[in-house]
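Order of writing sets the labels: A, B and C. Residues in every chain begin at 1.
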């Protein structure tokens, strides 16, 4: 015999994504962060269209032009290159650094974190010890070692930063998975016949993404800073790449007589990292307590 | 009731518990400690007991969601455990579980249709169109409006989520379903609806249930046979009518006495309430586990665990004093 | 035995309590009026979302007050309006004249202090006793709640006690107040095994006789109501729908919901040989979309048009029994047993 069909009227709830957005909009700081990020991302994408000049074009006569002079909004550097154009293309590079580095850390961090939490045992113990060792290394030292092995270049700097952050992501993911894997719904899907791979990546992982996403957002800011640091040491981007950190490094001596050459890239780094931090913090506030329903 | 569909033979499941504070010392939690019984086709076997008796662990071990420490479970005379991956996967079509907590037993990131139809995807059953129809049919069977197929679990009430869980369990058309405290987390009025639904489905599809619960009244209502557990062991098993008429094991007596009254008119009776706490399964008492709380205990009870005796046709109890 | 004193200890007068959520205003308690006399055990019974816990928590201001707010009403305790008290004043009330025991003793007891010291704390803070006097009183109380070996047990930490013991310790703490006032018991046995529940209910029954106090008992379990209650208030979706002495609720229920609730219990003797239960269809309505009609109308077998448009006013069956239903006469003809 058929049971009654219940026609309860349920207010159409928003999807989890819409709900996150709704809460996010209320956080002013996070919205500011998002705004800053959007500006940089757009700069990165449309760099060729919005740059007034070629970032590598050297105009000897216009060297060290101050800001707002002779058609150079942000002035020129010691080789006569337009600062604004270099900053805009720098945004493209910084965004790429963020994506590539965090991407590497995420992919391997998730793989390691999920598998060690899920399978446990000796594998987990070994992996965790390795991670502990990696985390014990001073971060800068680790990246320097990796770059030295691979050779100094921007791409290798991105890879080095990515690799050195894997342990952190692995830990975050592992902790999340450990908590979720005992949940009833995981057991239920196993009872339906789901295999380990499906359980790990399609069942458990999607429910562990919140802390990982927060980590990744903050990680972009950190990657940009790290890259700047490496460039300063000559291990990252090589001249004439318009990478912000490199721009600062190669113009240290102009701090007194042409301060804008050193300071503007610094401000760019500051704003970019700030944007990601504000947004990441806002995400964390929302994703952690409220989403626990 | 004909042949045993499921045979449980001296099943044991132990857990290793890390002791608090200590470095590597580990205690043994004997959740299920030598349990044997049969489940016959078409019956509803109620498993009742309090916390720590191992009934939930029993349900999960019988379904191979936990690996057993020792013992055997046979499904249609073939072992549930000794199988390769492919065979294990096939087996899930026969035996399914309905879980207790409607809030944690559904994947919060999946839409209802995906939750119910997941098993069809896993086992590649039917075409996309056929699967969709089956999901719709299942939803109607359990009393859910198919229009809600695109919603997420958090948009449903507890009772509705439990219906989703039932639909999911039935998607593969299993013969044997373990209901692990399936109604315990629900409000009384919703509980009644779900109990009716489970009975309807059982009749319609000729299902066999192993119904695990701590509420004696619920178990009494729904079961055809009842099995009482205490601290990892079976203490009594009988047809419902027989058990209600005559509680042989002292623990069964304690359970029935402790059951809340159904009307204030029953207040006058002097109840001999069994004292003492439910002991922990980490350090069970020697001999018969119930002896410290048992008013009938004799010397033998402290020394040796009593075997199951048939005290009447189809009625078994593990007690020295009967 | 009838209580001799008829004085009113607590009076909830037209309480309206709501919560502001992102999806709208949830009216958790509507137009609720309840009185508890001295020495009386009043049970608030209902299912999830009926407002019973919110009501209990309003008494000693334990509801989270930013999302929650009192829209109107008073709660008079011995004449004082508790809702008007400042934070410091209400804190003095809690633990002296109004005590509370919770469903989950593990979360209500402080895990880093021994149970003995937590009880002694109440004596030392509110009654100015010395540490030795207070601990001696604690042992006495443990004796009263039948905790074996009380002198040893007062030095135990909460996690070292079993669930039943913890609940007894919590009851002991609730009895630590000097004046027998009001004990609010919020689902005190729900988390306990049934054999332990029987012991705790037995204990509470004994204490009722020995210590003259009023109990406001919150529960969803009709068995607990049958054991403990003198009077019963049935709540549904934030409203009171029936109120009577305990015998009438079981033998002569007049509200369709009360009847439905009793019919939902598998322990109801009518189901001895039955195949199915007489369940109430549908689910509790969303408190956000509830209108001004009777909230039970969409599930009610006796509902008529008027039920959907207006909430019924009180109908007095007799001086001890009232119901809020337009069609309670129809219900009278059907009995629960």
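Here, a contact is a pair of C-beta atoms (placed from the backbone, for glycine too) under 8 Å apart; a residue touches a chain by one contact, two chains touch by 3 or more.
A quick note: this is a predicted structure, and the numbers were derived from the prediction, not measured.
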{"item": "Chain pair that, of all pairs, has the most C-beta pairs in contact", "value": "B-C"}
{"item": "Furthest chain, CA centroid comparison against chain C", "value": "A"}
{"item": "Centre-to-centre distance between chain B and chain A (centres being mean Cα positions), rounded to whole Å", "value": "48"}
{"item": "Averaged-CA centre spacing for the pair chain C and chain B, given as whole angstrom", "value": "31"}
{"item": "Centroid spacing, where centroids are CA-atom means, of chain A and chain C in whole angstrom", "value": "52"}
{"item": "Per-residue overlap in chain B, given as positions that touch at least 2 other chains", "value": "157, 160, 193, 196"}
{"item": "Chain C, residues touching no fewer than two other chains", "value": "281, 283"}
{"item": "Where chain A touches two or more other chains, by residue", "value": "4, 6, 8, 10"}
{"item": "Contacting residues of chain B [partner chain C, same complex]", "value": "50-51, 157-160, 187-193, 195-196, 199, 214-218, 220-222, 254-255, 257-267, 271, 273-275, 277-278"}
{"item": "Residue ranges of chain A touching chain B (in the complex, touch as defined)", "value": "1-8, 10, 13, 15-16, 183-185, 187-195, 198, 203, 206-207, 293"}
{"item": "Of chain C, residues touching chain B in the complex", "value": "47-48, 162-165, 193-199, 201-202, 220-224, 226-227, 229, 246-247, 250-251, 260-261, 263-269, 271, 275-281, 283-284, 337"}
{"item": "Complex contact set, residues of chain B against chain A", "value": "60, 63, 65, 85, 88-89, 92-93, 96-97, 99-101, 104-109, 118-119, 122-123, 140-145, 148, 151-152, 154-157, 160, 165, 168, 171-172, 193, 196-197, 200, 203-204"}
